[in-house]
Amino acid sequence: MSDLVVDGLVAGYGDVRVLHGVSFGVKQGEVCAILGPNGAGKTTLLRALSGMVRTRGTATLGGTELAGRSPDTVARLGVAHVPEGRGTFMPLTVEDNLRLGAFVRRGRAEIEADLDRIFTYFPVLKTRLKQEAGSLSGGEQQMLALGRALMLRPRLLLLDEPSLGLAPLVTRELFRIVQAINAEEQTTVVVVEQNAHLALGIAQQAHVLETGRIVLSGTAEEIRADEQVAQSYLGYRV
Amino acid sequence: MTESTKTDEKTSAPPATVKTPAATRWRWGALAVLLVLAVYAPFQLAPFYVFQLTMVLVYAVALLGLNLLVGHAGQISLGHGAFFAIGAYTAAILMERAALPYPLTLPVAAAVAFLIGLGLGVPAMRLRGLYLALVTLAIAIFLVPLLKRFEELTGGSMGLTLAKPQPPAWTGLAEDQWLYFIALIVAVGTFLLVASLLRSRVGRALHAVRDNEIAAEVMGVRLSFYKTLAFAWSAMLAGVAGSVYTWVIGFVSPDSFTVNLSINLLAGIVVGGLGSLSGPVLGGLFVMFVPSISQDINDAAPGVIFGLLIIAVMYVAPTGLAGLAGRLIKKIPRKKE
Amino acid sequence: MAGFLQQIVTGLGAGAIYASLALALVLIYQFTGIVNFAQGELAMFSTYIAWTLVAAGVSFWLALVITLVVSFAGGMLIERIVIRPVEGAPELTIVIVTVGLFIFVNAAAGWIWTFLIKDFPNPFPGGALELGAVTVNFSTLGVLGVVGLVMGLLYLLFQHTKIGLGMRAVATNPASARLVGIRVGWTLALGWGLAATVGAVSGVLVAPLLFLEPNMMAGVLIYAFAAATLGGFDSPVGAVIGGLIVGVAETLAGAYVGFIGSDLKIGVPLLIILAVLLLRPQGLFGRAAVERA
Amino acid sequence: MRVSAIGCTALLLLAVAACGGRDSGGETATGGGTAAAGQCAGQQTTGTTDTSIKLGGIYPLSGPASAYGDIPTGIKAYFDYVNAEQGGIDGRKVEFVVRDDGYSPPKAVEEARRLVEQEQVFALFQTLGTPSTTAVWDYTNQRKVPQVFVATGASQWGSNTEHPWTIGWQPDYVSEARVYAQYLKEERPDAKVAALYQNDDFGKDLLGGFKKAIEGTGIQVVAEESYEVADPTVDAQMGNLAGSGADVFLNITTPKFGALALAADAKNTKWNPLHIVNNVAASRTVLEPVGFENVQGVMSATYYKDPNDPTWDDDAEMKLYKQKMQQYAAGKDPNIPYHAFGWAAASSFHKAMDAVACPTREGLRDSVRNLNNVEVPMLLPGITMKTGPDDGFPIESMQLMEFKGERWELFGEVIDTRAEFGPPTTE
């Protein structure tokens, strides 16, 4: 039984349609990778799920409709979206950024506990607590973005190109943490990634998106084994 | 700058015109009709309406300058009225104190406004957006007491009264018609000048500055140079409009050029439509006619209606009347399809 | 020397007036990146509401409370009704809408209450503090005190409450704020409400000193702009200090620089702004990143 | 997009042209006037018939100077009353068209042309403000359209000989300054005067007239400070003036700034000069917000009856004014002095029309320049309108007053400045 069910999702900007009916499902606690070339509509898909763009079709999370709702409502339903560019509140402190992640939650004690939990994943953030978020390095900012998302205690985590602009070593570390989070918190994750190799490394399921349509779906292993995918997105032949 | 404002700015830039042959024909046809009408109008209209249209043309020339700065270079000026005043006073002082024939005052007024624009533009153009708007606002406010201070030259708060240019006998034209044609020639001339300017390398550089300063800089556009130049040209056009204004009204005084003029001009170009060539004309019509319309609706408090009309136009046409007109026309053929 | 000190005190008195309105301007700018040209007029309108209540026999303090509440609601309403429809339009469009609002509110106030100047009760005692040869009016001290208090309350609100955190988030990155679940629309309305309330405080402070009439705030607005520019448009502290500097500088220049005199002293804030912006474009207390428009 | 926008502009202009063409009125149109006959033959009758007369007025109804927009309310009330109860002026019902110029000269030019060319008015009855009036007076005089009783006190309306069609009404600022100078000469021959003035023609005319009038006396101006109408306060100026040690303070301001200066003077307990406030700012409506206890002993001069002044409670004209205001300007406060000003000006116009030889534009022009001690009931007792071939100033007399208790008290004789000083001049 899939937790996230996307059915016939259509989305775009103004008169330009980007997604032409996308359907897939993600099981509770699974990581799902969305692959595809630039301009395929990967980012738009995540934006459609979190309500940042207008949509048609349905997308339900545990039976609750997400499509057509505003981003703040979707967040209140337990969806944390780490957008392209990380969405950091630059002039605010690291602590402010993290607390904003828990903006819709109540329960002071739990929130304080979650802060501590996030420092176990990202110890570096604890040392930078009173520093401006804008002064962090790219990798640290990505960690902050992840930490902010986790502060929501999300049921569904949407990650948009977490590797963008980061050094390979940092990227690998980041994906390791995502995997750990997924394992420990049982959070469902949808990750959009150029670096298919990395994404497939932590995903159970994967879909390839081209010009707004899913052209290929399967388990991570199946996708990795697909010759065309290998050629286009993995950069090597099987 | 936040992400959302970035996208806003992108959408606010007028889309590039796609010139299909049909569209080009349409365009030239419309322009030709417009010009014929403009030449024909003063022989058909009552002198009062001719005078009103003359003022529309004067404002249109000033707005053309403002459009260059705001619409094409993306810089906000709340001090355009000050350059208008500089042009007007230059013409008035030359006619009054130096007895210069009036046609000669226009190039001098243009040059003076250009130079002052250049001088103020060098420091002002290091500022962006809001800060530039406020500094130019301060210039507009400061000009009024400054004009009063140099009384021997400017006539102080009493201003200067001038004889209006008389039509040469051979034209057989009345005074209003003569002034109208002068304004029309100046308007057409400046419109052609600006149109060709925008098609040149300079125009492309300005658009690059407006759409993305950083990218423009990377592409090797000398930002401050073009911004300062845009500011000076904008001032020059305001100066040209100012000198024609002096001929038409025959009177300049500090009260003619209060900060309200600058604010009305900015409202005029935004209402008319930024970045389009018809925006200044529509804006000129707005500046000229809407205050009287407001009074016809409510003569107890015209400001109430004027304020509401400005807000209403911005609701209906957030990108200005030129954009609205464009959208309306676009809808017609679509229905036929 | 006493004359000089007295000039400074006079300047501080004027500066406190500018600062109070600058505070409201800065509030809106922080949230929306919009300079609200109608801010002073809204403050004037609020003051008329207070005046009407007092004239109807309501006690001053009760009238003040009612006015602040009404202004807050009015500010939010204006955001929902007037600004919301053009949300997403180019910034300049929104600025022009506030210009329209300026003209509308100004004319409406004249229509409703006439242009006769009105006496507004002064909450502060009428006397003055004599410090040697220098006289400091109690009303000047009162205005400075209230401006300081408002600034302190705003600081507490922004730095130590969840709503304040949300407002700062909306101010810096509205798209991202939406993603963490903040209702951005309501927060913006809240910002307008808050600015209108601070504006109302400014109007009530200013009215006993300048007399209440529809154009009461128009002159103050220009100086408030100067104050906000000088201090940095995103810094409430900067707005207040900017206001005081502008007030003192124009008074001193008007008094001691012969060429400037009273007629050209309005040029002094202009020069200060220009100098400050060229050396430090974000203003004295602003952040470089905020140069957004 | 641009393409169609130009098209639309074309259509719009076409529409403007079309609607303009329909009701175009030529320069020669007579506007339904009846041809004058007899001694009046050949004179202009535009805008008037045997049963009607159309007048146009230009005032700032919008913008920062809108306070003056109350003047036409008083005028309209007067004409409505005369139309309804006296059958108009000499059988001619008055139609009064008011236009808004927002205190902007170019707008005033436009509105003057609208009134003269489109509305075909008989005369411009009042344009307000020196800048707007100056902007249109060349036009009205070339057109030979009377521009009568303009609402500004600049002295050029009376002294300029090239504009016979334009004439002022209220005492000009120079005359007013002379009244104060005259008083000081007699009562305080060694006065040291500090002056606050508005930095425009009004402030400079009054201060200049005052300086001229005190030449050769022991009175001297020891300090002067100006303010701009855009200034929020005058505290800094008042501080400087207080430091001058003057014993007379001349307050040359418009109402709001007058109140600010009065309040600043009251607040400063160390400086207690004789405070003279000019007529423009001397209304009881200005003093009341300052607090009557703070303005005791303040001096001024006036020429028309202040509706706020209990002195006139039993005055027949004041009673009539208040009653008719209630009747014909319902909801308007008769105590606003601008309403009374408008009423007085309108009633002066009525008197001038009563005295015309011909009901023509020329007739009005000659009549207003040949007023022979015409009494206007709204003016102070003893003040009349008088003009002549070399005197273009209808009202030149004022009476001094001092604020006592809760009202102005007139004192001394009516001062005819012309008798004392000759024609006003700032030179």
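Going in written order, the chains are labelled A, B, C and D, and every chain counts its residues from 1.
Here, a contact is a pair of C-beta atoms (placed from the backbone, for glycine too) under 8 Å apart; a residue touches a chain by one contact, two chains touch by 3 or more.
Heads up on the chains, UniProt names are A = ABC transporter ATP-binding protein; B, C = Branched-chain amino acid ABC transporter permease; D = Branched-chain amino acid ABC transporter substrate-binding protein.
Bear in mind that the values here come from a model prediction, so they are computed numbers and not experimental data.
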item	value
Remotest chain, subunit D as reference, centres from CA atoms	A
Selected pair, greater C-beta contact count between B-D and B-C	B-D
Euclidean distance of C-alpha centroids - subunit A vs subunit B, Å	49
Averaged-CA centre spacing for the pair subunit C and subunit B, given as whole angstrom	31
Between subunit D and subunit C, distance of the C-alpha-averaged centres to the nearest whole Å	36
Residue numbers of subunit B (touch at least two other chains)	3, 141, 145, 148, 300-303, 306
Subunit D residues counted as touching two or more neighbouring chains	62, 66, 199, 228, 230
Contacts with two or more other chains, residues of subunit A listed in rising order	87
Residue ranges of subunit B touching subunit D (in the complex, touch as defined)	14-15, 17, 23-24, 26-27, 30-31, 33-34, 37-38, 40-41, 44-49, 51-53, 55, 141, 144-145, 148, 156-159, 161, 245, 249-251, 253-256, 258-261, 273, 276-279, 281-282, 285, 291-292, 294-295, 299-303, 306, 322-323, 325-330
Subunit A-touching residues of subunit C, taken from the complex the two chains share	162, 165-166, 168-169, 172-173, 175-184, 287, 289-290
Touch list for subunit A against partner subunit C, complex	50, 52, 70-72, 75-76, 80-81, 83, 87-92, 96, 99-101, 103-104, 134, 148, 152
Residues of subunit C touching subunit D in the complex	3, 6-7, 10-11, 13-14, 17-18, 103, 107, 110, 114-119, 126, 128, 135, 137, 209-211, 213-215, 218-220, 222-223, 250-251, 254-255, 261-263, 265-266
Parts of subunit C lying in touch with subunit B, wherever the complex brings them together	29, 33, 35, 82, 85-86, 88-93, 95-97, 99-108, 110-111, 172-176, 222, 225-226, 229, 233, 263-264, 266-267, 269-270, 273-274, 277-278, 281, 291-293
